[in-house]
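Next come two complexes built around subunit A: one with subunit B, the other with subunit C.
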Partner chain A sequence: MQDWGITVLFRGRNLLRLLGGLGVTLELSLISIALSILLGMLVGAAMTLRHPLPRFLCRLYLETIRIMPQLVLLFLCYFGLAKAFGLQISGEMASVIVFTFWGAGEMGDLVRGALTSIPVHQSESAAALGLTRAQAFRYVLAPQILRRLTPQAINLATRMVKTTSLVMLIGVIEVLKVGQQIIDASRYDMPQAAIWIYGVVFFLYFIICWPLSMLARRLERRWA
Partner chain B sequence: MAENVLEVRNLVKRFDGHTVLNGLSFQVKEGEVLVIIGPSGCGKSTLLRCINGLEALDGGEILLRGERISGQKKKLHLVRQRIGMVFQNYELFPHMDVMANLLLGPTKALGRPKEEVIVEAERLLARVGLSDKAHALPRQLSGGQKQRAAIIRALLMHPEILLLDEITAALDPEMVHEVLNVVLGLARDGMTMAIVTHEMRFAEAVADRVIFMEHGGIVEEGAPEAFFAHPRTERARAFLTSFTFTREAKT
Partner chain C sequence: MKRIVRLFALVFVLILVFASGALAEGRSVEEIQASGEITIGVFSDKKPFGYVDENGEYQGYDVYLARRLAEDLGVTLKLVSVDAPNRVEYLTSGKVDVILANFTVTNERAEVVDFALPYMKVALGVVSPEDALITDVEQLKGKKLIVSKGTTAETYFTENYPDVELVKFDSYTEAYNALLDGRGDALSTDNTEVLAWAIENEGFAVGVETLGSLDTIAPAVQKGNGSLLNWINEEIVSLADERFFHADYDATLKDVYGDAVDPDSLVVEGGVVE
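Coming up: the complex of A and B.
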């Protein structure tokens, strides 16, 4: 058994520490996703306004987050703000800010797409039946918008879970960072641990993201 | 003399300064079937859309049983509950099965008890030959089946007048017949209707009165027998001729 790097996982509190790191990953992801969904609804609604100014601002915002690597945004928020304004925020806080900033833009674009994908005839048909605008939205438009939006929002959520691995670079101890610490600590007596520990990290991401991905695919197929 | 269900007075509608409806007036009486025909772009569909408030008017007024319904925004849904409309592309709600499509208006807009509406809906489904489709989704139906479902969805609101906007224009020829038969049945039952159509044989069969429109105005109006056999105006004659084909002798 001496050659099996996996034994490192069961030394001391290593497994618990790794799961704790996963907890941090999930916590950051969930907070960012929840905020992104809320703010994304507003951004998406603003993107469908008739006035050109909000549309232009949203466009600018969306292009910015699409062009900027998330890592640059993280550095900008964590180090940049501290250097420029003496604003010291925790790595966790910076992560939530950046992922929400990114996620709300992407979510906004998904909301915009879902809103505009419903043909105008559907609201006319609901109106012609004598439904009020609120009833038409509740019974006719909202269900169709949600069916369009939900699978895509789930896919965005999996992307956000994966991308949170970057936050270790601003000092947040999430699952990947814990894995690295475990590998570093056993570098001399168990050099082959790296592949096993990273393998476990891979597996942990997999059991979070794969079911989400499958769910999105099933919903997409059922509601197509 | 029967009461006017619908009265349109000097209706004007413009889109971006372009006049689509040029001050036209007509009435539809209780139990009457009015058929509106005319070339594409003459304003027929816009006319129907103005009647149930999907388009705002730029002039004139519309009365439903003598009560002015145009120019008000707040109670528009109450007006629309009294006017049924069926569209060219059915516009069933794709996320609901047929029965849910039928129940939505009567239960939510009118607040009628669901059980009562279901009984009526099943009777109407049977009448149009869709009894086995109550729990099918719209995408599982043929175009003709969808349009029959859309017609009874409008009927379940017990409208005082039914507006049909080119309801067979998107259908394959073999499905046109099944849909138009449903409408002929409604006409026999005394349903008040305003119908826009390009099916001339159907127009002749179903109409109590025909309006021929061109360039946003009424060119000719009359009984179907007279209109189709002997149109009075040159434009109506030319329009009707465009539906017939003659084979010239080979030389």
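Coming up: the complex of A and C.
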């Protein structure tokens, strides 16, 4: 067994630490995803407004998050705010802010796409049947919007989970960073541990993201 | 429309980046003692200087000093994991009081942070596979050299050997993995690092042991934080009486280097470099 790098995982509290790191990854992702979905609905609704000012602001917002790498946003939020305004926030808080800022924009664009993809005759037909606007939204439009939105939203969620690995660069110890610490602490006496630890980290991401992907696929098939 | 939006986004970013005021000022010794806690930035993946052991505890040569500083200040110690490329940012933004992350003193860095007296000295080294050993820097021309971003090795090779193709990584872990995988012909970083690594990794050897000028490693505080700087300097001078850094070497580095390295070639006592 001497050459099996996986044994490193069972030294001391390594396995627990790795799972603790996974907990951090999950916590950051889930909070950011939940906030992104809520705020994304509002952003998406704002994007469909006809007035030029909200349209311009939404456009500016969306272009900003599309142009800027998430890492730059993280640095700006964590170090930039401290330098510019003396605002000291924790790495975890900065991560949630940035991922929500990013997720809400992307989610908003998905919501906008879903909203505008519903043909006008749907609401017109609903009105012709005597439904009020609220009833039309509740029984005719919302179910269709939800169907178009859900698979894409889940897709965005899995992307967000994976992108949280960047937060290690603002000092948040998540699963990948714990993995790197374990690899480094054993690199002199067990250099082959790297591939094993990365393998375990891969597996941990997989068991989070795979069920989400499966769910998206099932929903897509059912609603197609 | 699209162009205007992009322009606005860019201007917005630039304002944020350059609006670096003096708001995130470093804390004085009194302020640190009043708060009861000192925050020190160390590496968490650079054995044997700063790393986390299998029990989740920070260990290493830098960490040993960090513990002593906190103890003599009479405050509790909060360690923050930093990486080579963001060490300066942690200080300038006031996220940590001191950086003890194997920080090599350079002129460029001295313009943005204040260095205390040194506690270690190093030069660069180059490690490569034994069957294709690089024994002279000239052999690197046209080859791939692995470096970590933000390290002295990166600066040195960029300035002095532009013909060497640099393969850059964010963390030391990734850089060493790249060398193991053969994604480069050699790796360069501080000689202390490569010597220790080559001892433990069969098939690799340090062909170039000292390269560039002899550099020193020192604690760094935020620019202008004279109070903390003076306290650390006095501390380092007084620690020489008990040969603190030799004890530190014995506790953290001896196991790694064995007899291959003479402690006095690395350790600096009282901030005096012979």
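We adopt the following convention: the second predicted complex is superposed on the first by the 224 of 224 C-alpha atoms of A that agree within 3 Å, B and C clash if a C-alpha of one lies under 4 Å from a C-alpha of the other, contacts with A are read in each partner's own complex, and residues count from 1 in each chain.
Operating definition for what follows: contacts are C-beta pairs under 8 Å (C-beta built on N, C-alpha and C of every residue); 3 or more make two chains touch, one makes a residue touch a chain.
None of these values were measured; they are calculated from a predicted model.
Within the superposed three-chain model, A:Leu131 lies in touch with subunit B and out of touch with subunit C [touch as defined at top].
Look at A:Ala82: by the touch rule set out above, it reaches subunit C but stays clear of subunit B. For subunit A, the partner with contacts to more residues, out of subunit B and subunit C, is C. Look at A:Leu169: by the touch rule set out above, it reaches subunit C but stays clear of subunit B. In the superposition on chain A, A:Arg187 makes contact with subunit C only, not with subunit B.
In the superposition on chain A, A:Pro69 makes contact with neither subunit B nor subunit C.
Shared-chain residue A:Arg147: touches subunit B; no touch with subunit C.
In the complex of the two chains, the subunit B residues touching subunit A come out as 52-54, 76-78, 80-85, 87, 89, 91-95, 104-105, 108-110, 153-154, 157. Residues of subunit A that touch subunit C in their complex: 11-14, 17, 56, 59-60, 63-64, 67-68, 72, 75-76, 78-80, 82-86, 88, 168-171, 173, 177, 180-189, 191, 194.
For subunit A in complex with subunit B, the residues that touch the partner chain are 121-122, 124-133, 135, 139-140, 143-144, 147, 223. The part of subunit C that touches subunit A in the complex is made up of residues 1-2, 5-6, 8-9, 12-13, 16-17, 19-21, 23-24, 44-47, 51-56, 80-83, 85-86, 89-90, 92-95, 170-174, 176-177, 180, 196-197, 199-201, 256.
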